[in-house]
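A, B, C and D are the chain letters, set down in written order, and residue numbers restart from 1 in every chain.
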Amino acid sequence: MSGYSVPQSQVGRPTAWWGMTILIASEATLFGTFIGTYYYLRFKTPTWPPGGIPEPKLVVPLVMLAVLVSTTVPMRLAATAARTGRLAATRLLIAVALVVQSGYFAYEVHDFSDQLHRFDITRNAYSSIYYTLLGADHAHVLLGVLFNLWLLGKLARGFTRYRIHAVQAIAWYWLAVNVLTIAVIGTLLSARA
Amino acid sequence: MSLRRLEILQWVGLLLGALVWTGQHVVGYGVTEAACSPGGTHWGIRTDTWEAVLMAAAAGCVLAAGLAAVTVVVRTREESYESPPPTGRVRFLAIAAITANLIFLVIILLDGLGSIFNVACRQG
Amino acid sequence: MNAPREDRRCLAFLVLAVVPLAGCGGSQNALAPESHQARDIATLFWWMMGGAWVGLGLVVGLLLWSWKRRNRRGFGRDVEGDKPGEKRSWYAVVVLGIVMPIAVISTLFVVSDLFVIKTTQAPASTTTKLTVQVIGHQWWWEVRYPGTTAVTANELHIPARTPVRVEVKTADVIHSFWVPELNRKIDTIPGRSNVVELDADQVGRYRGQCAEFCGLQHAHMAMYVFVDEPSAFRRWLAQQEKPVEAPSSALAERGARLFLDGPCSSCHAIRGTDADGYVGPDLTHVASRATLGALTVSNTPDDLRQWILHSQQAKPGNQMPDFNASGARLDALVAFLEGLK
Amino acid sequence: MAIATPPTPAAAERMERLEQIWESRPGILGWLTTTDHKRIGLLYFWTTLALFGAGGAEALLIRTQLAQPNQHVVSPQTFDELFSMHGITMIFFFIIPMTTGAFGNYLLPLLLGARDMAFPRMNALSYWIFLASAIFIYTSLFIGKAPNAGWFNYVPLASKQFNPGHNIDFYCLGIIFNSIASTLTAGQFIVTIFKSRAPGMSLNRMPLFCFAMLAASFGLLFALPALSADTTFLFLDRNVGTHFFDASHGGSALLWQHLFWIFGHPEVYILIVPAFGIATSIIPAFTQRRLVAFPLVAVAELLVVFVGFGVWAHHMYAVGMTTISMIFFAAATAMVVIPSTIQVFAWCMSFITGFARFKTPLLFIAGFIFMFVTGGLTGIMFVAIPFDQQVTDTYFIVAHFHYIIFGAAVFPIFGGMYYWFPKVTGKLYFERPGQISFWIIFVGTNLLFFPMHIVGLLGMTRRVSTYPSGLGWTAYNLAETIGGFVTLAGILLLLGNLFVSYFRGPPAGPDPWHGPTLEWTTSSPPPEYDFAVIPRVTSAYANWDPVDREADRLNLADGLLMLEHGHEQPTVTPVDGRLAEIAQMPHESPWPPVLALALALVFTMLLIGLYGVAGIMGLVCLLALAGWHSQEPPE
């Protein structure tokens, strides 16, 4: 008997959600400065992309973006499933999301190295910020994939309040990464305007 | 006025001003950087019209936010900012919002004044 | 230097400034303006300093008042929330802390950033009569006069009472062209050319210094701006345009051959000979300059000799290696260089 | 009457169990694996004090070199490394970690009425990463390859072409390494302030120290990424061959300055705001009066950091931006002063309308107000763009920011050391030597920094390793050097006084000053579990509410609200402080030092250039993180 009347339903967000919000705020600011740098460098040179570099392709990146953003659905469903205690559904949804995300990541790594052959990162300022921005985004997708792998490992041993909060926090992380990816791809494709 | 509406007005008063000033600052500075740099002169951006529109819009929003904060403070004048939550906290943050919006308003007005009455794209 | 004006100005300081700005005899003094831009800035400073002393006086007054009221009874009384003098204090905070500063600082903003800046910002290209290019190198200034072949180093001659457009660029890192008595500073940024206007009222010599940290010898990267009467300036410029004549004496002749065959010509240029190095300053009229090494040493034969032998001692880390010449060869070289008027 | 003495045997038995649960392991292992916010605060305090000594030594060497014209006390190469390391040490390794790490960690849970931070193990991790980054950057000084392009490290001087050695790589990696620690601390404080308050403590009943720490944390969280991006770009430019800052390939040297100062100016407000927090804790105690205009001061502390994000380019007025671009920053610089003037007059009115007792802490705060107003007034002068273009990069600016940093950040730190000395050590300090140390430091700093205003206006530029005679600078530089050594004497007297008081000072009870906030309700030094009973809070000055304190004593007697079934701590809703849940807190874990060591290896490999090995070390870090999270709190 601690002397406190603790409310039954969850009031406010779990501290895990707050910790993830801090990480997302820091990473979003980092991407903000990267995107700000992109536009600052763009204003410096009349022709953009400069130095005979081909304009970024339109269709394929948008399709891949749609694929990645679609994984938000299973992740959100997994979060609600975890909150309502349905273990099997949570595991399945996270596994599905993981497969799609890993596929996305594999293709992006291949596409990244393929582009590197066409114009190297050391060509000029455009190539520098292009690959740094895209590489940073892929790194965060990789981190999300690792989060999901770790989650599946944990959920293999059943539910605890800690793991339910973890699923919600990582679903929130994936939502943020998808929004960031939309911003990054949007910035890179703005070179076509 | 119900507590729920007071609380909404308080959050509007506190956060709208900050958001609007940030937007006016980033877009206003971005316009001056874009219009005058080698990469952007061909777009033909008239900075003073942009800045005037930005100032008017931003000042309007900040005034609205300030008004919201003032109504909350007026409606809770029989409470003190030290009374128990939520009314005490609402009054406390509304008083804070009034100060914040006043400062944002002055910045926005000085921004507009300065960027309109100076020669566009002259290296300072 | 124009001594009488200087003394009167020093006296003015002592009266105005509570703290004596002693030692204002130096010639790099932002509060001894010699152009209308520098004067506007100095006047702005005196108004702001007056306001600052008033503000500080007000706060110190409040602190002293509280010192006088220290140790009053009532200390230790458990304060349940009755805040003595709260109403009055709120008025003081709002009036002194919000209303008054907003009014004062907004006025300062309008005066300085809408009016004074019109004189100190870069001039419109139509209003200036002469253009000078100044290029910052690691740790010296290259000075060029567009439209003529005149190139000199660390010394800038401009005609009095005429607006001069100075375009500053850099050959390596960021420097900052700053002559305090004439106008505000302007940085030299790679890849772009910045502009500042110099419009001196008085004939005289004004000292300036690089104001942006640029490496080992940032401290020894100063320059002189000589303001001459327009006629004297035109004579100077004509002399600077002339390529070098043949050396006068046999000793100077041997020195010239030493210079051209030796390592000197790979770094330095002398117009009229085939020495065209651009790492170091142009030496066509080096003898006409007041100092060597960007005001590191004065330009006398002995200093020139020491500079050639041990430049790394006077300015360690600069790009010119010590030159191990002995007696006769060194005398020939110095004789040749002294001839380059 | 403080709560330290247990009134009933039942309560004593429960406190014994609490003591037993929260007890940390003895010896070095206990310190290595500690997650107790008080121990981490002390670790931060001792490390930052040592680094303050290093920064001070660098400053005195600089002053000795500049005492007379054309001196050769140190070579230009050493001088460049000295002033760069002085700037980096004082800002990144002394003031930020001292105010947030030492004061913030030690005091925040005590002021909030909590038992520990929201993430105790992350708190330990931030200390060990901070320590590793300090060692990382100071090895550069010992092997003679310290950063030598100033604390703001402008490009192209810092690019590979003009700085081929490892000096600038030490700078880039050391700064990123340190920012990880600062970001973790900032995130920690934000979540702790919002989630781990005593139930009932809504935002309008939170002490002002917590508002200051919240403002500093938001500042750090949103400013450091700009610096990390900047130093990442520079590291890539130097070692991979990208062209972010290379003008000949489309890059821009100004890009470095913009990104640096987007971090730089919020940073200097982050230096100041915790000092405001310390001042607003000391003033009510020694004037026995609740601070004047509480909500205005609270919003002022948050506003100064928020508006501070919009002023960055006033450091770049001389780079040739267009006038209309500079206007935006001049306008924001004009209004960023208002929060400071609000606070200055709130403090002064508290002095006057309260019952001021000028003991040492309040003397330091009075000195702080004087120095801060002097520095602030010269700061207002930079609203005028033409004047700033005349004095930027001269000693006038050096005078301005030293008045602000030394006068307005270090004075409250010294005041805070005296004020909380009884609480941390349980001993009272000697008052007489304390006051003497204040006056020596006050005279020393003014003698050291005021002549810089004059010599700056006489045209002496920053960072010159020497200067010619005959320009009227010599007398002032000599006076500054003397002032430097007088300040050193004052600081040594201060430290000596505290050191002797630690051994021979009279015992201080739980509340020697009749202080306003919760840390004075528990014993000195506070037990491991901070509060035997989670305190009841109805105002921002909880120790001055006798009704609540009486309620605490009754709770203790009845054994209520003691949460003695494990490392329990209440978490609340962020704004109104209503109880959300009783959280189980992790306690003592070896993972923080392990992860910090792995990170240190990552940065060392990056420095050496073994990028493959750095990648492997990165994987080791991820494994350490997984291991860290394998230990879950009991259900």
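Some notes on this structure:
The rule is simple: a contact is a pair of C-beta atoms (placed from the backbone, for glycine too) under 8 Å apart; a residue touches a chain by one contact, two chains touch by 3 or more.
The model shown is predicted, which means the values in this text are computed figures rather than measured ones.
Counting hops only between chains that touch, subunit C reaches subunit D in a minimum of 1. Taking each chain's centre as the mean of its C-alpha atoms, the one that lies farthest from the centre of subunit C is A.
Chain pair with the highest count of contacting C-beta pairs: C-D. Taking the mean of the C-alpha atoms as each chain's centre, subunit A and subunit B sit 32 Å apart. Inter-chain centre distance (subunit A to subunit C, centres taken as mean C-alpha positions): 51 Å. Rounded to whole angstrom units, the spacing between the C-alpha centres of subunit B and subunit C is 41. Within subunit C, residues 81, 98, 102, 106, 109, 113, 117, 121-122, 194-195 each touch two or more of the remaining chains. Counting only residues that touch two or more partner chains, subunit D has 252, 296, 320, 323, 326-327, 330-331, 334-335, 338, 342, 385, 539, 578. Chain contacts: subunit B has residues 33, 82, 99, 106, 110, 114, 118-119, 122-124 touching two or more partner chains. Which chains touch which is summed up as A-B, A-D, B-C, B-D, C-D. Only residues 2-7, 10-12, 15, 18-19, 22-23, 25-27, 29-30, 32-34, 37, 40-41, 44-45, 50-51, 121-129, 132, 146, 150, 160-163 of subunit A touch subunit D when the two sit together in their complex. Taken in their complex, subunit C has these residues touching subunit B: 81, 98, 102, 106, 109-110, 113-114, 117, 121-122, 124, 194-195.
Subunit D makes touch with subunit C in their complex at residues 75-77, 80, 149-150, 154, 156-157, 162, 247-248, 252-254, 288-290, 292-293, 296, 318-320, 323, 326-327, 330-331, 334-335, 337-338, 341-346, 348-358, 366, 369-370, 373-374, 377-378, 380-381, 383-387, 389-394, 450, 454, 457-468, 470-476, 514, 539, 541, 544-546.
Across the complex, subunit B is touched by residues 202-205, 294-296, 298-300, 302-303, 306-307, 310, 317, 320-332, 334-335, 338-339, 342, 385, 538-540, 575-578 of subunit D. Per the touch definition, subunit B reaches subunit A in the complex via residues 30, 33-34, 37-40, 42.
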